[in-house]
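These are the structures, in structure tokens.
Shared chain: subunit A. Partners: subunit B in the first complex, subunit C in the second.
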Partner chain A sequence: MDVLVCVKRVPAVGAEILLTADATAVDTRHLGFTIGPHEECAVEEAVRIAGRTGGSAGVLTVGPAETEEQLRYALSMGADHAVRVDAPVADPQPEVSAAAIASALRDLPPYDLVLFGEASADAGHAQVAFRVACALRRPVVGGVKGIEPGSDTVAVRREVGDGVEVHDAPLPAVVAVLEGLNLPRYPTIKGRLRARKARVRVLDAPSATGGLRTLRLRHRPDARAQTVELGRGAAAAPAVVDVLADLGVVR
Partner chain B sequence: MVLAVIERETDGTPSAASAEVLAAARDLAHRLDLPVAAVAVGEAGDLPEDLVKQGVSHLHLLRHELLADGGPACTGEALAQLVAARRPAAVLAASTTESTEAMAWAAAALGVPLATACTEIRPRPEGCDELWEVTRERSGGILLEDAALDAPVRLCTLSAGGRPTGETAAAAEVTVDVFVPELDAAVPRARRVERAPRAAGMTLATAPVVVSGGRGVGSAEGYAVLEELAGLVGGAVGCSRVATNNGWRPHADQVGLTGTRVHPDLYIACGISGATQHWVGCMGARSILAVNTDPEAPMMRRATWSVVGDVHEVLPAVIAEIRRRSGR
Partner chain C sequence: MSPFPDRAQVVVIGAGIVGNAVVHHLARLGWREILLVDKGPLPDPGGSTGHASNFVFPVDHSREITQLTADAARQYTELGTLTTCGGIEVARTPERVQELHRRMSSARAWGIDAELITPAEVADKVPFLDPAPVLAGFWTPSVAVVDPLRAGELMRERATAAGALTVSAMTEVLGIDTDGGRVRRVRTDRGDVETEYVVVACGVWSPRIAALAGATVPLTPAVHQMIDVGPIPELAATGREIAFPIIRDMDPLMYERQSGADLEIGSYAHRPILVDPDDIPSLAAAALSPTQLPFTPDDFDPQMEAALELFASVLDRPDAGIRHAINGLLSLTPDGHPLLGETPEVRGLWSAAAVWIKEGPGVGRLIAEWMTAGAPEIDPQHSDIARFAPHERTRAYVRARAAEGFNKTYGIVHPREQWGSDRGARRSPFFEREQALGAEFFEVAGWERPQWYRANEHLVAELGVADRPHEWDARWWSPIINAEHLAMRRGVAMIDLSAFTSFDVRGPGALPYLQHLTVAQMDRPVGRVIYTPLLGPDGGFRSDLTVVRLGEEHFRVVTGGADGARDRHWFTTHLPADGSVALHDVTSAMCTLGLWGPRARDVLAAVTDDDVSDAAFPFGTARTVHVGSTPVLALRLSYVGELGWELHAPTESGPRLWDALVEAGAPHGLVPAGIGVYGTTARMEKGYRLMGHELDAEHGPVEAGLALPGLKAADFVGKAAYTKAREGEPEATLCTLTLDGARDRAGLRRYPQGGEPLLTLDGERIADRRGRPSYVTSAGAAPSLGTHLLMAYLPPWHAVEGTGLLVEYLGERYRVTVARAGRRPLFDPDDARMRG
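Up next is the complex of A and B:
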């Protein structure tokens, strides 16, 4: 089975997020970059399915040259080929990303399964997978935490509301996954060396525009009061239990 | 009109999330001086009586045998056709998996943008007619994004929480329309083949107290003391992504951006530094107690109460003190 995973380069923010002077983006001058956990699980799943079925596991991103760092990370996890659809920014509008991915899928050899993260880790539009599926008129299921590929269909499991559902989709299909689907591996040294030398195929993006334009980013107002230090080490126990008693969780 | 997408429970009543969507739709419709309409899948049931009390004057019922499969494509396609036919000013839906999927498909089919996880919708800022502004949550809500939404019909999903859903002026009457979309059975689609109720019991999302552990807990075995404390305070055990990545805890326990958002009265963060991706999962707690060897850890500075110390010294002492006081 041939599987393709769409991954997005996102800043690996720490405990504080700095914004650029014009507040339209996260200030990434002192940050590293990564892919989101949902997508990491998607890559892991693709590598496992390819291994099990004797197929291939590809990765694709839409963005400028530096996003190849994330493609190489996926290659070091065991993906066997990588595609970058050239775009001027790493955080395109969702309509633009979807148009680029759909166009690439029309150009590339066919895949049986195209995996997405449920939502990108930075913008979190939660829609690119569905737009791609709609453009290609392919079946799609999101919120997925279990994938069972068959010969011409795929069964997927997800939790929605108070229920657990199984959906069956004819192949080729689009699936958006959630972290928890599996436990992603850490890249091996060998994998890293192989990834460093791998060739990334670069495709052109179609011209597309979107209707949702970022004006500014803001920090959420933090209403929390001044922290009260209850003490140090085991000696703090009585003060802690006083708090628990005040809250009514212990007698 | 402003169109609210109603999700229904298995008994046909609107979900709690739908009540919030209706409240937001009413508010928006009021500002635009437009009527409120609602759309739902299936039979009317008690919905018209329910919705007229909520100020809804039009109910559109989507009906087609393919809609029973519960796939997002069919609902999305049906929604897109309704929107194309009725041309509402805006369509609002909940941020649940199902509604988001349907809205994403509908937006794609209509060729319009979709603003997800919105906390606020501002029509026509500064007298500009077409351009609306929204505020949406990014990175799970740690950042807010003000965005221009430029579309003939504005599709928005609303982030959960915070909207009052109480009494409102009822509409004079509600007109019920059945809308049968054109869905081609030959188009390849996903079909729901099984649905089972999820195991009941206290979940992380509903627990009144969450005792959560991160890297500082040190090992899978290290969680025994958190389990014991959770048992004493009637809470559930949570964890950080480091714990799940190390295989110490199942992912179902993970709190944060890609885990569960928790809203307990008390969140006890043990050996958790407080990275933004973890913080968005616990910032909804009424109060936070942080236990950490590092007094400068971000979680220690954001918590309501802090204890500087080793998890494995502090928690056993707390447990002993609880047992001493209660004589257990």
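Up next is the complex of A and C:
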């Protein structure tokens, strides 16, 4: 089975997110870049499916040349080929990204399964997978935490409330996955060296404009990290237990 | 949390390993009301201590660094935070094998157990290493891994238990107020603290914090990349943080160490990545920590390939992933040494910065002793933050040298190696003329000084000077030096000494002020030239220099270029508060030419109408003479053992002085000579000692053979210790040794360079009763004696003329003989030539 994973270059932020002076973007001067946790799981899943089925695991992104860093990261995790749809920014509007990916998928050899992360780690629009599927008129399932590929269909599992939904979708299909789908592997040294030398196929993006415009980003009032001293030594134990209980780590 | 105090005896900023060690030792030495603040949380506030590799390799070519590391290791051990694992520096190239031999020499000199081992022995100790690319290993059993965060906690606990320490984490320093050039107050977001002392132990943030007080800490944060690869079952199976020796793969400039189930790989090979202190993210905004910046994988790829060459058996596995990868920040300085001591700009503002984990607790003790007693036990000469000339404290200089120095971290650095970046900062007025003569410029404190002149190349054949056959011995050296030396002894030479640092000291308090700082009697007639040691409080050398009495209340102090900045700080901090002494640095105002040789008087007489006969201008005196219309302060003294003068002229008149001497000197065979002659060959033939080589805080004038016949009545710094030393027998005596025709196994003549250990004929290491090792403090040719000289301190039982010893140089041992125990020169022992 041939699987393609669509990933997005996003800043790796700390607890406090700094904004640019005009507050329209995250200030990335001191930040590195990564792909979101949903997408890491998507890459891991693609590599596993390709390995299991004797197929291929491709990775695609939309953006300028620096986004190839994220493609190479996915390659070092085991993806075997990479495509970059050239675009001036790594964070176009969802409509634009979807149009670029849909256009690329028409140019590229056919894939059986196109995976997305449920939503990007920065903007979080959660639109691109669905827009791509609509444009290509293919089935799409979101919020997926289990994938079982068949010969003509793919069975996907999503958690809803206290139950589980299982869907069968005819191939080719589009699936947006959630973190927890699997435990992504770390890149290996050999993988990294292979990724460094790998060729990235670059496609042109269609000219398209989206309907969304970023006016301003705002911090949530409580978004600033605060350090609270819970106590010292053994006396702090009850307070720590309370915090862990609040977080749901212990009951 | 304890209340934030409004006054403290000392505020230490930064709770990394250094700050914690400083408060611990200050408390131990009796300081109270110590306040330790850090912007971050404890125990890991987010600085470099929190992500360091934490290993301790004890051997360094620098004695000072080795001493600090040894002290730190003792403290980590005592705190129970040190795990000995051993370490091996491996060589993949013949040049590196030679360097490992040099490491062996340093290990032996400083008394650290080490051994050169074969590739098979390397693989025996580290079974997952492929020895095929390895030529040799330098095995140091005492290499260890430490836990600096735990050590820091314990040190804080001790200081707190002593009732001496208040700790305030999550406290940001907003300002440091000064008054009259002294620290008065630290302002923080938790309140203001009145204090007389501040210690900046802020690692990569130190420049920012010191700047709040108007001081500079010349370091730059720089990236050191490291990754963790795992899990590796063989490592996990040990159940320990580290069970195998650490490998330093020296040629690709990297290391590998076990870290639990992972192999940590670190690199000093990538391009220098310098970061501005203002660009370090805050704790909250950083993805990992402020000093763990995003990994830039492209820079590390060559290291991965190198790592695979040695460790494929554990790294090339599908399950072993790169689990952690950072661009860790560390502090780089222009010369690679730490920045310790009181800042020259602000009294009471101390720096304890640019320190590796392996030195941290040692630096803490050193700073605390220095603040308490005025001098630490370990001589901080090469780490003193006051060592930098003004241009060396600029951002541009620091970044240029740090960028150049980064890849030298694991590099092979020749002892005479010159820096390439930011050269030409200070040029004497003779520079263009020297350039035209093909000068090979060496640098001191930014000054460009001719080491030798290619224009003198013809003298090599003419005077029959031999070349050095081995490339290492001949690197950064030329036989022209020896030829210039012989030409000076035969006729006359002139030497550019404009790098001298000069101070004018004036005022009604000038005499008592200088008396207080110097060993020699300063109350001499106007016109006298006085050589004097300067001592620290414990009687060790702080400096040695020349003082000229120019008037009843006017003195000129002339000291070396290399130590000029430190000397300036020393002189400045001792100025009386009553304003009775004015000190002016006149270095830039004066240029200096040395004119020496049997024909020097003929040359000087030809350019001046003043009487320069011995009767009119005797040795040890100074006078102003007129060379044409240029007034020149002439000092009749010599560091090369010849008749002649130092000629000090206004900088702008330098070219005229040079031209006049060249013209008048031509009939007398005048040659320009470089610092190779002045600083090494002629100096060593005369047995003259050099600050930073023979002279250091560990030795006083008695042991150096520089005790003066009389003891002046006036009190002076170090007098008590000096007086006591004069009354007893020295524990060591500075000796000059001759190398007796050393040839290596290949039959080549060899020339030790300095720093090598001296051994008995049985190959035993030599140290005196105080544990101070005998090693070569200076080495150089003696062209007029036809030999190669070494200087070294020897304990009394070896400091006997005629005693045979060995010197270990690059893996071989050569026979040497004690030719002189004490001060008397080997060349012209009665000084007849310079008194002529």
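Note that the second predicted complex is superposed on the first by the 224 of 251 C-alpha atoms of A that agree within 3 Å, B and C clash if a C-alpha of one lies under 4 Å from a C-alpha of the other, contacts with A are read in each partner's own complex, and residues count from 1 in each chain.
The working rule: a contact is a pair of C-beta atoms (placed from the backbone, for glycine too) under 8 Å apart; a residue touches a chain by one contact, two chains touch by 3 or more.
Predicted model, so just to flag it, every value in this text is computed and none were measured.
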- Message: Applying the document's definition of touch, where does A:I17 land relative to subunit B and subunit C: first, second, both, or neither?
- Response: both
- Message: Looking at A:I189, would you say it contacts subunit B, subunit C, both, or neither? Reply first, second, both or neither.
- Response: second
- Answer with first, second, both or neither: which of subunit B and subunit C does A:A126 touch in the superposed model? first
- Message: By the touch definition at the top of the document, which applies to A:G211: first (subunit B), second (subunit C), both, or neither?
- Response: first
- Query: Of the partners subunit B and subunit C, which touch A:C134 in the superposed model: first, second, both, neither?
  - Reply: first
- Message: Output check: A:H30 vs subunit B and subunit C. Expected answer is one of first, second, both, neither. What do you get?
- Response: second
- Per-residue touch tally on subunit A - higher for subunit B or for subunit C: B
- A:T227 contacts which: subunit B (first), subunit C (second), both, neither? both
- Message: Quick check on the superposed pair: does A:V164 touch subunit B, subunit C, both, or neither? Answer first, second, both or neither.
- Response: first
- Message: Output the subunit A positions appearing in both contact lists, the one against subunit B and the one against subunit C.
- Response: 13-17, 224-225, 227, 229
- In the complex, subunit C residues that touch subunit A: 1, 41, 170, 229, 279-288, 293-295, 297-298, 301, 304-305, 307-308, 315-318, 320-323
- Query: Touching subunit A in the complex: which residues of subunit B?
  - Reply: 9, 15, 70-73, 76, 96-98, 100-101, 103-105, 107-109, 112-117, 133, 137-151, 157, 187-198, 208-209, 232-235, 241, 244-245, 247, 250-252, 254, 257-259, 265-266, 273-277, 279, 287-290, 295, 298, 300-310, 313-314, 316-318, 320-322, 325-326
- Item | Complex contact set, residues of subunit A against subunit B | 13-17, 26, 36-38, 93-95, 98, 118, 121-127, 129-131, 133-135, 137-143, 155-156, 158-170, 173, 178-180, 183, 210-220, 222, 224-225, 227-238, 240-241, 243-245, 247, 249-251
- Item | subunit C partner contacts - residues on subunit A that touch it in the complex | 12-18, 29-33, 69, 72, 76, 185-190, 192-193, 196, 224-225, 227, 229
